[in-house]
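Okay, so subunit A shows up in both of these, paired with subunit B first and subunit C after.
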Partner chain A sequence: MGWLSMSSSKHSRGFKGVLQEVLSYKSAVLGVLILVFLIVLSIYTIVTIPLPEAINAWRSSEMWTKNPRNAQPEWIEVFIGKRLPRTITVSLANAEVSRRLLGDGRIAASWVAYFNYDYDDFPSELIVFFNSSYSEKPVVDIYWLRPDGEEFLVKKHTLRRPDDRLYLSNDLGLELRLSGLFESKVGGKPNFMVTVEKGLFAEYSLDPRVLKGRYGIRFETILNENDVFDAELVVYGSVYGLAGTDHLRRPLIIGLLWGTPIAMSFGLTTAILTTVLNLIIGTVSGWYLGKVDTVIQRIVEINAILPFLPILILLTTFYKIDLVVILVSVIVLNIFSLGIKGTRILVMQIKSYPYIEAAQAYGASNGRLILFYVIPKILPPVVPGMISAVPGFVFLEAGLSYLGLGDPFLPTWGKIISDAQSNGAFYKGLYYWVLEPAFMLILTAIAFALIGMALEKIVNPKLKEL
Partner chain B sequence: MIPKGFLKFVVKRTVLLLISLVVAVYISILLANFGGLIDEMVKSDLLMSITMNVRNNPAFQGLTASEKQKIIDSMYQAALEARGLNTPFLIRSLYHLKNALTLDLGTALYLTSDSGSKQVRLIILERLPQTIMLFTSVTIINFFTTLLGGLLIARKYGSKIDRAISALAPTSVIPGWVYGIFLILIFYTWLHILPPGGMVDYPPPKDPVLYSLSVLKHMVLPMLSWIIAGLFLGLYSNRTFFLIFSTEDYVEVAKAKGLPPRQVDMGYVMRPTLPSIITGLSFAIIGSWGGAIITETVFDWPGLGMLLASALSYPDPPVIVGEVAIYAWLLTLTVLTLDIIYAFLDPRVKVWGG
Partner chain C sequence: MSSDGKLLELEDLKKWFEIRRGFLSSKVYYVKAVDGVTFSLDEGKAVSLVGESGSGKTTLGKTIIRLYEPNGGRILFQGKDVTHIKANDLKWYRRMTGLVQQDPFGAFASHFTIFRSLEEPLLIHNAVESKEKRAERVFKVLEEVRLTPVEDFAYKYPHMLSGGQLQRVAIARAIILEPKLIIADEPVSMLDASVRIEILTLLRRLQERLRLSVIYITHDLATTRFFSEWALIMYAGHVMEKASTQEVLRNPLHPYTKALLTATPDPNPENRNRFKEVPPGEPPALVNPPICCRFSPRCPLAFDKCFKEEPPEFEATSGHWVKCWLYERS
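Now for the complex of A and B:
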C-alpha cells in the first residue's frame, strides 16, 4: 500500500490546498464549473418555485389547459429554421361588439375578435372556452374570417354548460366540411390531409402552406336579458417555453428544475452517509478484530447476497413511500457493503504502525485512537470514492423513478423519462422530452465523475504518473 | 484428482453461503411482512382456492349459500392450521421462509407465464433463461474485451488512443439503461432500422432460424447499450491495473531476459493478477443482476427484471417476493462459483493446504 504512506508523508493540505490542486486538472475545472452551475440552479429553483407550489403545479390538470400538448421547446426553431407557432389566446375583451334588441325582449349579439398569425407551421389544436351564465341554453354560431376575405360558418354550437369547451380539432363533421370546401376552392384533391387546423389556416392550394395574416372569429348568439356571454379561442402552438410540454400540457421546465435539487441532495446525502458509515464499520471491524470482526464480516457477506434493487422494490411496494424513506432504505442497504473489507485491511495495517503503539503506550483509549489516529489516516483515500459514488446514486434515484418507485409527488428526471416512454415519445419522435432530462442527469453525473477522478489522482499519486 | 482439502473448502464455503442465503431471504420476508402482508397474501390465496373448490364441487351443489359458507369456513380454518398459519409469527415466518427459498409461492394475483400458468415458480423460472441469455453474456463479453483491450492499451502507454481512453473513462458513470434510451432514439425513432424493444417480432416467425435471427435483432440494442456503458472505464481501469503490475521487478526481469511481449503479458502480468481479475468478473456479474432490472424495462425484454417491474406496477406481491428470492439465489450461486474458481487460481490462498 504505497500510496498510504505517500499521503501520510505530506502535510495536511487543508481545503484550500486541495482545491488548488484539483483545479490544476482541466477536466476537474470543468467538473467544478458544472457543479457550481447545478448548485446555483438548485438554489434558484427552491427560491423561485417553492416545493408545495411545484408539487401542486405538477399534479394539477386544470392549471395547464391553455398550454399546447407535447410542444417542443422554442429554441428548436434554430435547428428547424422555421418560425413555429406560439400559443395565441383570442379573447373577447377587445372584440367589436354589436347588439340588437329583438321584439320579444331578447338580444341578438355578435362579437368579432382578430388576431395575427404569421408562423410557418399550422397550430396544433383549437379549443373554444366558454364562460357564460344564462337562463336558457344559448345557440352560438361561430364564423371564421380568413385574411383573404373568405368567411364561413364553422360551427353551430348549443352550450352544454356555462363553462363549456368546444374542441374544434376533434370535430369530424367540421373536418369533412372543411375538406369539401378546400376541394371546391382548389378544384381537386389537395396533396395533404385537410385537418381542422389546415382547413382553417392553409392557403387554398394543392400543397399545405400557411396563409399568414389577420384572422378573425365571430360569435353570434341570442341572449335573454340578464345573460352574460364570454368566450375565448385558444390557438395552440407547437412550441412552448424553454423546455416544452408533456402529454398533460405541463411545462417540463418545472420538472427539469426541481429534478436538480432532488438529484443533487439524494446523490450527495447517500454517497456521504454510506461512505462515512462504511468507514466507521470497517474501522471498528479491523481495529477490534475477534468476535466483533467475525459478526461484521458475516453481515457483510449476507448483505452481499441481499438483492439490493429487488428488496428496494419490495419495500416501496409494501409501504408508503416518499423520497426520505427511499433515501433511508438505500443507505441502510448499503452500510454493510463490500467496501468495508478494504477499510478493514487498511486499519489492520495501520494498527501495527509505531506511532499507534506509542499512543497506546501512553494510555490513549480505543475511541481516541480510532478517532484521532486511524480515521484521519484512512479518510483521504476514501474521499474520491465518495465523490465518484454520487453519480451512481443519482442514476439510482432516476432508475427508481423510471420504474415508478420514486416519490409519487415530486417531479424528477427519471419520472419525466418514464412518462415520455410510456406516452410514445420514441414512437412519435418527441426527442426533446427524453433528451432534456437525460442531459440533466448526464451533466450531474459527469460533474461528480470528473472531480472524483481528479481527487483520486491527487490522493493516489501512483495514478498520476500513469 | 481433486485434493481433499479443496473439497473441504468447497463444502465449507457452500454451507456458509447457504446460511447467508437463508438469512438474506429471511430478512426479506421480515421486511415484507412488517404489515403482515405476506400472511394476508397466503391467506387470501388459500381462501380463494377453497372457495373455488367448494363452489365447483358437485357434492356441495344442493346446499344453500350459508351452508356452503360454513363448509368453506371450516375447511379454511383446517387449512390454516395444517399450514401453521394460525401459529405465532416466528413459526409462521419459517413457513414463509421455506416457501420463498423453494419459490413455492402459490399463485400470482395478476401475472401469468407464457404457457398460461399462474404458478409463481413457473412464471419466474420461465424468465430466467432470457435474462441470462442477454445480460450474463454481455457482461462476459464486456469483461473479456476490456481485459484484452486494457492489456493492449497498457503496451501503448502514452499513445493517442491511450489518452483518448483515459479522457473517455468518465462516460462510464452513465448506466447502460440511459445509453439504451439514446440508442432507441437513434436506431428506432430516427433511423427506423432496429426495434425499440421486445424479444421477437410479432407474430413470432415459425421457422427456428428466422426466429433466432429475430431474437438476435432484438438483442442488438440492449447489448450495445451495456457494451458502451462498460467499455471506456473497463479499458481504463484494466490498463491502469496492468501498468501498475508491469512495473513489478519480476516483470522487468522477464523483459530483460528478452521474453516476447506476449509471453511477458500472459505469464508475468496476467497470471499473478488473475485472482483480482476474477474478483472483477464476480463484481460485474453480481452487478449485472441488478442492472438488468431497469435495462429490461427500457427494452421491454421479457426477463426477470421486466417481470419485477410489471409485478410492481400491479402490484403482485407473491411474484415480488419470489423475485427477491430468485435474485438471492442467483447472487449466492455467482459468489460460490467465483469463490471456487478463485481458490483454484490463487497460489497464495492455497485454501486446501499444500
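Now for the complex of A and C:
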C-alpha cells in the first residue's frame, strides 16, 4: 500500500524527470554509462560486422588458418612483463631469389626470406604453406638460418599437392634431430624439452632462452620449365588481438562483440514481453475475478511446477534450434509466471478504491478502467522489476548456450564459455577464454541491476533509508 | 407510467448479496442489505436517507444509480424502467446521475490532474466535441464549486488539495455531465467541522440553481433539516419512517426515529448530565433476518405482533408514513 500513495507525486515528472532522478544516484550513473557503452558496442558491431558475415566467420575454419591456436589476448603482457610473440608471416615476395639453369632444361632455384624475431617467448607453432603448380612433384629443401650465422637443413619435403602444408611443429623426426643438435652444441642435456620451436629459436644453452635477431629461411628446389613455386612460413605467436583466439583459431573478439547485441536483445525482449504479458494477465485476473481468475490462477500454479529446462530440451529436440525458437519458448514458458499473483493482488486492492467506483458511476468501461485507472497505478513497481529481470534472461540465454541448447550458428557469450569448458580451458590455464565472456555477462548484469535498483528506490522511497 | 414531476420512483426495491458457504459452495445465504424500499422523488427536490452504519443506506444509494444491480423491485427514472438496463441505456443513465462519495482523498486517481479527473466523464460520454470546449466546461464547473482561480487548481494533483477542496472537485465531477440526480453519500462526514457547512451550502445552492434532485445519505439528523425537503429513516434494510424533514424532526413517530433523535448531541450545556434513554443492543445481522419488525428486538414498545409479522407502511398522518404496528388503524 505504501508505494501506492507515495508514488503519486512521481507521475507529474514524466520521462525526463525520472531520468533526472535516476541520475541523481551515483550507482545509477555508472549503470547508465555501462548501458550506453554496451549499446554503442552493439551498434558498432552490427554496423561493422554484418550478421551473415559474422556467422560465416564464426563457422569457417579456413578463414583463420593463419591465426595462432588458443592465443591469449595481447594485453596479457602487462601482467606477465614479457614481450610475447605476435604471429609473423614470412612470404617469398621480398625474398632473395637465385636461379640456375640445369642442362636438361630444368631450373635449380632458391629463395631466402628474412624476418626479425625479438620476442621474449618462443612461438607456438610453425607451418609452411605452399602454393605452387608443377608438372612433376618437386622436392623442396628447407634450410634454417639463425642470427648467430648457423645454417642447417630442416627438412627435405616432397610436395604432395600444390597447396601442401608442412606442419613443422608436429614433425617428430625434426624434433629428434634438433634435440641431438642441441645436445652436441651445449655439450649435455638441456634443462628443457627441445621442441621444434625451441630447437629453432633457442640460444644454445642449458636454459630455454630466445635467441633474438634476424632469422632466415631458405627454400631450394628444382623446377620444370613452367612450374611456379611459392611458399609462406607462418611463425605463430602466443598472443592475438584484444581477446585472443580459441581452439579453432577464431578471434574471440567476434564472439564477444556479437554476443553483446544478441544478449541485450534477448534479455530486453524477453524481460519486456514477459513483464507486459504478466501485467496484462494479472490485471485481467484480478479485475474480472470469477471463472477467468480461477482458470488463470490454476494455469499459473501448474506452470510454476513445470520443469523449465527439461521442457526446453524437449522442445529443442523437436524443433530446429535457433534464437527465435528459444526466445519464443522462453517467453511462452514465462507468460504465466508467479509474478501474476502479485499483480492480481494489487489489482484487487486497487479495484476496491473509491476512485474506481466513482469512475464506474460516471460510466467508465472496464477497458478504460484497466488501461487508464489500474495499470498506471501498478506500473511503478513493475518497471524496476522489468529492468532487474533483464540480467536473469541474459544469463538464461548464456546458460542455455552452455548446455548446448543455444543457437548453433550465432556466436554468443554462452557459446564461448561452453567451448572453453569442453576444451579444458581451465585445465590448460586459458583463463581468458572463460573470463572474457563472463566479464561481459557481469557487466551487462551490473548495468541493469544498478539502474533497476535506482528505479526501485525512486518508486519506493522507503528503500532510500536502507 | 410517468407521473407529473416525479424524477425517481422506487417500487419495493431489493438488493441482496449472495454468500456461498459449505462444500463446493453448496449453501447460499443472502445479506438483505436493502429489502423492499418504496419511495419517489420529485424533480429538483432533496431527500435525506438517514440511518446508522449497516442500515443499508449506502447500498440503497449505490443501487439507485445502478452501481449494484437490484435483485427485486423496480427503479423508474423519468418514468423509464432502469432496473436492469444495459450497455448504451446504462451509459445514458450514468450521464443522468452523479455520485459524491464519502472519502474525498480516495475519490480521485492519484495519477490524474484535477483537470484530467474532470475531463474523464466528458471524454467517456463524448459530451463536448472539441478540446477547447472541454477545457471551457471544466473551468466552468470549477468556478461553480468556487475553486478559483481555476487555473491554480486545474493542473494540480489530488494530493496537493485539502479535503474540503477535493470534495468541491468531487461535486464538480458529479455535476459536469449536467445530471438530473445526485447521490451524495455522507459527503461531509470525513471533513473538518469547519468546512462541512460550506460544502453543504454549496451542494444545496447548486441543487436549487441547477434544479437537481439530490439523495443525501447521512447518519447525522442535524444536517438533514438544513439540507432536504424529505427524510427517510432506514434501519436494517427497511425504511422505517418517511415524511417531510420538518415533520420527522418535530414529530417523530417510529420508536427508532425517536431513539435516533434522542441520541443526537444536545448543544445546551445545562443538559450535559441528563441521562439519555437509548434502546440497548445492536442492529440485527442481515443474513437471513427474521420475518418480523426488524427493530422489535430493541424496541421498548414492542408487543406480540411485532415479533411475528413484518409491519407494512401505515400513513399515520397525511404524508407521514411509518413502518410500525403501533400505528395500525383497526
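Observations
Here is the rule we use: the second predicted complex is superposed on the first by the 463 of 466 C-alpha atoms of A that agree within 3 Å, B and C clash if a C-alpha of one lies under 4 Å from a C-alpha of the other, contacts with A are read in each partner's own complex, and residues count from 1 in each chain.
Everything that follows uses one rule, which is that a residue touches a chain if its C-beta (ideal position, glycine included) is under 8 Å from a C-beta of that chain, and two chains touch if they have at least 3 such contacts.
This one's a predicted model, so the numbers in the text were calculated from it and none came from an experiment.
Once subunit A is used to superpose the two complexes, subunit B occupies space next to subunit C without a clash. Within the superposed three-chain model, A:P381 lies out of touch with both subunit B and subunit C [touch as defined at top].
Of the two partner chains, subunit B is the only one that A:T317 touches; subunit C does not reach it.
In the superposition on chain A, contact is made by A:Y373 with subunit C only, not with subunit B.
By the touch criterion defined above, A:G286 lies against neither subunit B nor subunit C after alignment on the C-alpha atoms of chain A. Of the two partner chains placed around the shared chain by superposition, neither subunit B nor subunit C is touched by A:P411. In the superposition on chain A, contact is made by A:Y362 with subunit C only, not with subunit B. When the two complexes are overlaid on their common chain A, residue A:Q421 makes contact with subunit B while staying clear of subunit C.
Residue by residue along subunit A, subunit B and subunit C are tallied for touches, and B comes out ahead. In the overlay built on the shared chain, the residue A:Y353 is in contact with subunit C alone; subunit B does not reach it.
Contacts of A:G339 after superposition on the shared chain: neither subunit B nor subunit C is touched. Closest C-alpha contact of subunit B with subunit C, superposed model: 11 Å. Residues 16-17, 20-21, 23-24, 27-28, 31-32, 34-35, 37, 157, 167, 169-171, 173-175, 177-178, 181-182, 184-185, 188-190, 196, 240, 243-244, 286, 289-290, 293-294, 297-298, 308-309, 312-313, 315, 317, 320-321, 323-324, 327-328, 330-332, 335 of subunit B are the ones touching subunit A in the complex. Partner subunit B is touched in their complex by these residues of subunit A: 27, 298, 301-311, 313-319, 388, 391-392, 395, 398-399, 402-405, 417, 421, 426-427, 429, 431, 434-435, 438, 441-442, 445-446, 448-450, 453, 462-463, 466. Taken together, the subunit A residues at the contact with subunit C in this complex read 4-5, 7-9, 11-12, 353-355, 357-365, 368, 372-373, 376-377.
By the touch rule above, subunit C contacts subunit A in their complex via residues 65, 67, 90-91, 94-95, 97-99, 101-103, 106-111, 120-121, 124-125, 157-159, 170, 173, 177.
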